[in-house]
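Before I ask anything, here is the structure I am working with.
Read from first to last, the chains carry the letters A, B, C and D; within each, the first residue is number 1.
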Amino acid sequence: MAKQHVSTVINGDPIEFLCDANKSLLDVLRNDLGMTGTKEGCGTGDCGSCSVTLDGRLVCSCLVLGVEAEGKSVQTIEGMANGEHLHVLQRKFLEHAALQCGICTPGFLVAARSLLERNPDPTEEEVRFWLAGNLCRCTGYNKIIEAVLDAAREMRGA
Amino acid sequence: MLTNTKNTHQTMKSVGTSPVRPDGVPKVTGLAQYGADYSLPGMLWAKVLRSPHAHARIRSINTAKALALPGVKAIITAADLPNQSFDYVGPERVALNYWHMTRNILAREKALYEGHAIAAVAATTAAIADQAVRLIEIDFEVLPHVIDVDDAMKPDAPLLFEDMISRGFDPAPTKPSNISKRLEFKIGDLEAGFASADEVVEMSFKTAAVHQGYIEPHSCLARYGADGQCELWSSSQGHFVVRAYTAKLLGIEIGNLLVHPAEIGGGFGGKTVVYVEPLALALARKSGHPVKLMMSREDTFKATGPTSGASMTVKIGVKKDGTIVAADGLFKFQAGAFPGSPVMNATMCAFAPYIIPNARAIGFDVVSNRPKSAAYRAPGSPISAFAVESVLDILAKKIGMDPLKFRLKNAVKAGSPTVWGPKHSHDGYAETIQALLDHPEYNKPLGKNQGRGVASGFWFNGGGESTASVHINEDGTVVIATGSMDVGGSRASMALMAAETLGVPYESVRSTVADTASIGYNHVTGGSRVTYATGMVVVEACNKIIEELRLRASLMWDVDVKGVIWEDGYAKPADKSVGTFEPLSLKAIAAKRAVTGGPIGVESSINAGGQAPGFSTQFCDVEVDPETGAVKILRFVAAQDVGRAIHPKYCEGQIQGGVVQGIGWALNEEYIYDKQGRLSNAGFLDYRIPVASDLPMIEAIMVEVPNPNHPFGVKGVGEANIVPPMAAVANAIERATGTRMRELPMSPPRVLAAIDAGRG
Amino acid sequence: MQGAVNSAVPQAVRVMLTGGFSRRYTNGVREFEIQARTVRGVIRAMDELFPGLGEHLEEETSIAIDGVIHEVVYTQVIRSGGEVFFIPRIEGG
Amino acid sequence: MSEMRFEQPKTAEAASALLAGTQGLAKVLSGGTDLMIHMRNGNIKPELVLDVKGIAEMNAITVEKNGGYRFGGAVSCMQLLENKAFAETWPGIIDGANLVGSIQVRGRATVAGNLCNASPAADTVPAMIAAGAIASVVGPAGRREVPVEQIPTSPGKTTLAKGELIVSFLLPKRAPHSGDAYLRFTPRTEMDIAVVGVGLSLTLDDKGVCTAARVSLGAVAERALLVPEAAAALIGTKVDEAALAKLAAAASAAARPIDDKRGTKEFRIKIAGVLARRAAEKALARAKGNK
C-alpha cells in the first residue's frame, strides 16, 4: 500500500505529511516531523509520556494512528508556550521543582492544561485522579500536584 | 563547624535557596534532547533479536534470509565483538568482569535469560529492521532453567556456568554451582551475645526482584567514522563510564570514542551500565552508517538489570531495657544471569544504624536465569533493611518499648563500631529519630484497621573522581562545566555553590555538563556522590580562579598580590596601605583580561573522600481493608540527615521520590515469571509502579547535621530515603491487622491470605 | 627499613584489613603495625610484607583513616599512631 | 510501506460491506486503545482497519421514543461521562466507563470496543449487562438486536460474524426507584485491569422491596457472567443483611476464575462476594436516592 497523505493542524500550524497506515501519531510526530518533545515511555498507553490533545481531547499519541490526524487539530508540548512566553503551568513546574529528570514533564504539562481547561478549581484529589494516567518515577508526585494547584489559583486570579 | 567558616548559615546568599534550574526551560518546552531524540542524515534503525528461552545453548545463528531483505545494511552477533579475558577487575564489591559483560550485551555460548540479546539488525527503516529480526534463524538447545534464589542454590539445580567454583569458601568447593561468592563480616562473640539476651527473635523473609522503573527506555545514536573516530549520543548516568565500557567491548581506544551526554530520563542506578551503546556502535562500524538503537519498554523490563530478589534470615537479641546485644543475618541474593548482586552492600548496611557489639552478616551472590542485576538506589540496603527493621519492630513490641525510642537507645554516633571494621565517624542518625519523636502527628491516635509503622535506613554515600572547569566570560559572567550527568537538578546545585564561592549572583553562572572531550574524567552520577564530590571540585576550581582574579587585579593596580583580597564578588585592597582603589568586579577584571595575561579559566580535578553516610528514619500510617487486603497509605513522614541542603526543593524531591519508589516496592512491584521462566508482566500495566492517585503528600523533613569535610557541609541525599519504606509499611500493616508480612510485595491477595490465616 | 617518605623520623601506624580481603591476600592476618607518614608509605610497607599486595590495595579498596572514608590516594597524610582500615570500595545506585 | 489499508466509511452498511469484502483480517477502529496494542506487539497484522468515527449514528447519544437511551458504538467513555443526563440515569455504567485505563485512554476507548475486545475483565461490560443493554448489530444480512451478555464468548472471541459490527446500544427505560453500580478490585487506584468486577442493577417498589435485579461478574470466568442466582437473592427482599449475605455467597459460587499474574483463584472467589455486597449497597443507596 502506498503511504497515505494526511493534512492536519499541529499547534495551530497547517501541516501535511505522508505516512504508512499502521504508523502511530507518536512515531509521525517524533520521527517524521522531528517534534521530539512528545516522549515514548512504553508505547502501550500505560505511562502518559506521549500525551497530546486531538481536537481538544487528551489522548496517548502512541495509541492513535497517524492517518487519524486527517482534518483534526493536534496540540503538543511544543505549542504550549507562546513563543518565549511560558504557559503559567510551565512556569509553576519550574518554580516548584516539579520535575527532576523531566522525561514525563511534557506529558504532565499537556494533561494538566487539559484538566484546567475543564476544571479551573480542582481539589488535590481531582488533580491526582486526572493525572493518574501519567507516570513519574522521580518526584513521588508531591511537587507536580502542588505546581498544578498553584497554576490553577493564578489562572483563576484567586 | 564548617571548614569554610565565612559561609555560616545566615550570611549565605545562594546556597540554601531554590532557584529555577538552568536546564529547566528546555525540559518544560520539549526542547531538551534525551537519548532517543537525536538523529543524523543517512541514519539506520536497529532492532535486537532476544532469546525466547530462559536457558538455552546457542548451536548456530543463520542470518542469510535476514541479510537478503532489501534495506537491511548490517547484522551483528557476539562474533562481531572481541572475546574478553576472564578476570575480576577493580574493587571487589563492584568487580567488573568483561568476560561476563560482553556476554550480557550479546549472548555467546548460551542464552541465559528470556530477553537476552543474541543478534542486532540495522536497516533503513524500523519496520524493515523489525521484519529482518524475525528472519534470523537460531538453533537452540533448550536447557532446564532456575529462577528462584533458593532453588538456584540447591545441589541439583541447573547450572548456568558449568565451571563456576564459588569464591569466598575456605577450602574452595570442588563441584561447580550457581553460588558465585560467599562473604562474611563479623565482630564480637555471637554466642555470648545471644546468651546474654532477654528476648531473641529469628525470622525469615523473601523479597522479589524489582526494576528501577525509569520512564525513559535505554536508547542511543552511534556514529563510527572512516578514520576510526567514533561518537555516541546516549542517555546514561555517566558518559565517561559508557565510553570506557563501550571502547573495551569493541576493542577500540578510549581516545577514539567521544560520548555526548544526552539528557537522561531517570536512572536510579540502572543506567550506570551499558546495553545498547556497544551494539549500536558495532552496527555503525559494520554498516558505515550512523545507527539509532532504542529499547522498548518490554526490552527494558526483560533485559536490563532489576535489583535482586532475596531470601534472608535475621536473628536479633535484646535486653529488657532495649539494648541490642547480638545480631546475625544471612542474606542470599539473586545476581541474575551473571555474578554481581549488591549483596555485599546489603551485609554491610543491614545493622549499620545500630551499636551492636556482637554481629555477623553472611552474604551469598547466586546466579539464576534472570536479567543480570544492576544497581538500584542504595543497592542492597533496602532489601536487608526490610528484614532487620521488621525483626527490630517485633522486639520493640515484645519488650513494650516505643519503636523510635528503642532505635534511639541503640543509635550509632561518631565512634560507634561497624560490622565491616572502621568506626563510624559522623553523627546524624539520632537526629533523624528525634525529628520524628518531635513530630505532632507521631502520637496521634488512629482508627479501626489503621496502624503506624516505623523504620530506619543507612547508605554510605559516595566520593570518587570528578573534574570541573570555571571560565570567566568577556563580560564577567561565569561558565562552569562538569562531567556529572544532571538527573535531578545538579546543574542548579553546582551553580549555587559556584555563585556562593565567587560571591556573584546565581543568575550570572551558566552551569553545563560537558562531553568526554571537553572536561576531565568524571565517575558516574550515582552513589549520592555528585553534590558532594563534584560540588567539592567546583568550589576548589572557584577558589583557584579567585587566586587568578586577585593576581589580575594586582597587575591592574600594580601592587603585590598579597595586597588584594576577594570579597562578595569583588577584588579589594587588603587595607589602606595598599592604596585607595575602587573594588574591581568580575566584569571590570574580565575587560582587562588581554593585557593582564589572556583568557581567565581553570580546571580542577579530585578523588574526593571524607563523605559522611546518609541516615533516614520514617513513619507511615496505613489503613488495611480486612475484606480485600488492600493497603491504603494515609500518611508518610520521612526524616533524613542531608548535611546541608544546597537546593532545598530538589533535596526534598529526592526524599519524596525515594519514599514513593519504596512504597511501590512494598505494595505492588515484582517480577512475575511463568513456568517456562518467561517474564509475564514486562510492561507498566502489570508491573505496577505507584500512580498519583495511590498516594498522599509525602512529608519530607530535612535534618541538617553538616559534614565538616565539605565546604558547604553537604551529605549525599539521593539514596538513604528508599531504604526504610518497605519495613515501615510492613510494620504499619502489623499494627493495623496483627499479621506480620514476611514477603514482598505485600499485595492484596497476600495480605488477605495472611489476615485470614491469622484469624485461623 | 625506612618506610618513611622523607628523611624525618618514621612514625608507627596501625593497618587493618577485612576478613575476606585478609583471607585472600595475607593468609588471614588482619592487623599490622608499620612505619609510614602517607598512604604511599603504607602501601609500600604492606607490599614489602606481601609482594603484589600493593596493587590489590590500590585497585580493590577504599580506605578509612581514623574512621573517615577516603579513596586510596597516595598523598593522603596519616597522623602518628593513626588507624588505617582498607575496606571494600562502595558503589552506589 | 505497509500492507495495511485504512478506510473511513460514512455509513454502517458501507462499513459492514468493507469488512465482509476483505479476505484477510479486517478490524474495526473506534478508540483503538486495545487494537493498537495488539498491532504493536505483533499479535495481529490486519489487512484492513476501518475507522468508524465518521459514521453519524455511531456518534450519537439520544433518548428513544420508549424513553430509553441509545448511544453509538463510536461514543468514547469521556463523551458518556460528560453527558450529565445519561450519567444521572445510569451511574453504574458511568462507574465502569470512569475506570477504563486512564483519562487519556478514556478519551478514545468506547464501550463497543471494550465489549468486542472481549477481555473477561472489561470494565464497562458488567454494568451494561446488569442494565440489560441491547446491542444493535449491522451485518451483511441486515440489522439484528443482541443482548450484550451474548456478545463475548471467551478471551478475544465474540459471537459477531464476519462483516458484523456494533452500531449502537439501547438501554431500557429506567423505572423509578432504580439504581445501578459497578465496582472492581485493583491493586492500584487507577491504570489497572480488574482482578474482579461486579455490575449490579436493582429496582425497588415504593415500599422499598426489590422487585427486579440483575447481577454481572467480570474477570472471574472466560467472559463476563450474568448471575441469576445472585439477583434472586435480592428480589423480594428489602436488600437487608440476610439478602446481602446470600447475594455474596451466590456471587462467590458463580465465580470460576483462573490463577494469573493479577490474582489467585481463592482471592477472586472471595472478593467476588465482597464486591457484590458493596455494589448492592451502592446501587441500593442510589435507588433510594432518586425519585
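Just a few scattered comments:
We adopt the following convention: a residue touches a chain if its C-beta (ideal position, glycine included) is under 8 Å from a C-beta of that chain, and two chains touch if they have at least 3 such contacts.
Here the structure is a predicted model, which is why all the values come from computation and not from measurement.
Two chain pairs, A-B and B-C, are weighed by contacting C-beta pairs, with A-B ahead. In this assembly, the chain whose C-alpha centre lies farthest from chain B is D. Mean C-alpha position of chain A lies 29 Å from that of chain D. Separating the centre of chain A from that of chain C, both taken as means of CA atoms, is a distance of 56 Å. Residue positions 20, 43-44, 46, 129, 131-135 of chain A each touch two or more of the other chains. Annotation for chain D: residues 2, 41, 189-191 touch two or more other chains. Those residues of chain B in touch with two or more other chains are numbered 127, 212, 268, 684-685, 691, 693-694. Only residues 127, 298, 627-630, 667-668, 672, 680-681, 684-686, 688, 690-691, 693-694, 747-749, 752-753 of chain B touch chain D when the two sit together in their complex.
By the touch rule above, chain B contacts chain C in their complex via residues 89-95, 168, 170, 183-186, 212, 268-270, 272, 307, 342, 344-345, 348, 375-379, 414-415, 420-425, 459-465, 526-529, 607-611, 709, 716, 718-719. For chain A in complex with chain B, the residues that touch the partner chain are 20, 30-31, 34-44, 46-47, 49, 76-78, 80-81, 86, 90, 93-97, 99-106, 109, 124-125, 127-129, 131-145.
Listing the residues of chain B that touch chain A in their complex gives 18, 20-21, 23-25, 27-34, 36-37, 39, 126-127, 212-217, 263-268, 296-297, 487-489, 647, 649-650, 652-653, 656-661, 683-685, 689, 691-695, 697-698.
Taken in their complex, chain A has these residues touching chain D: 1-4, 20-24, 43-46, 48, 51, 54, 57-60, 62-65, 67-68, 111, 114, 129-135.
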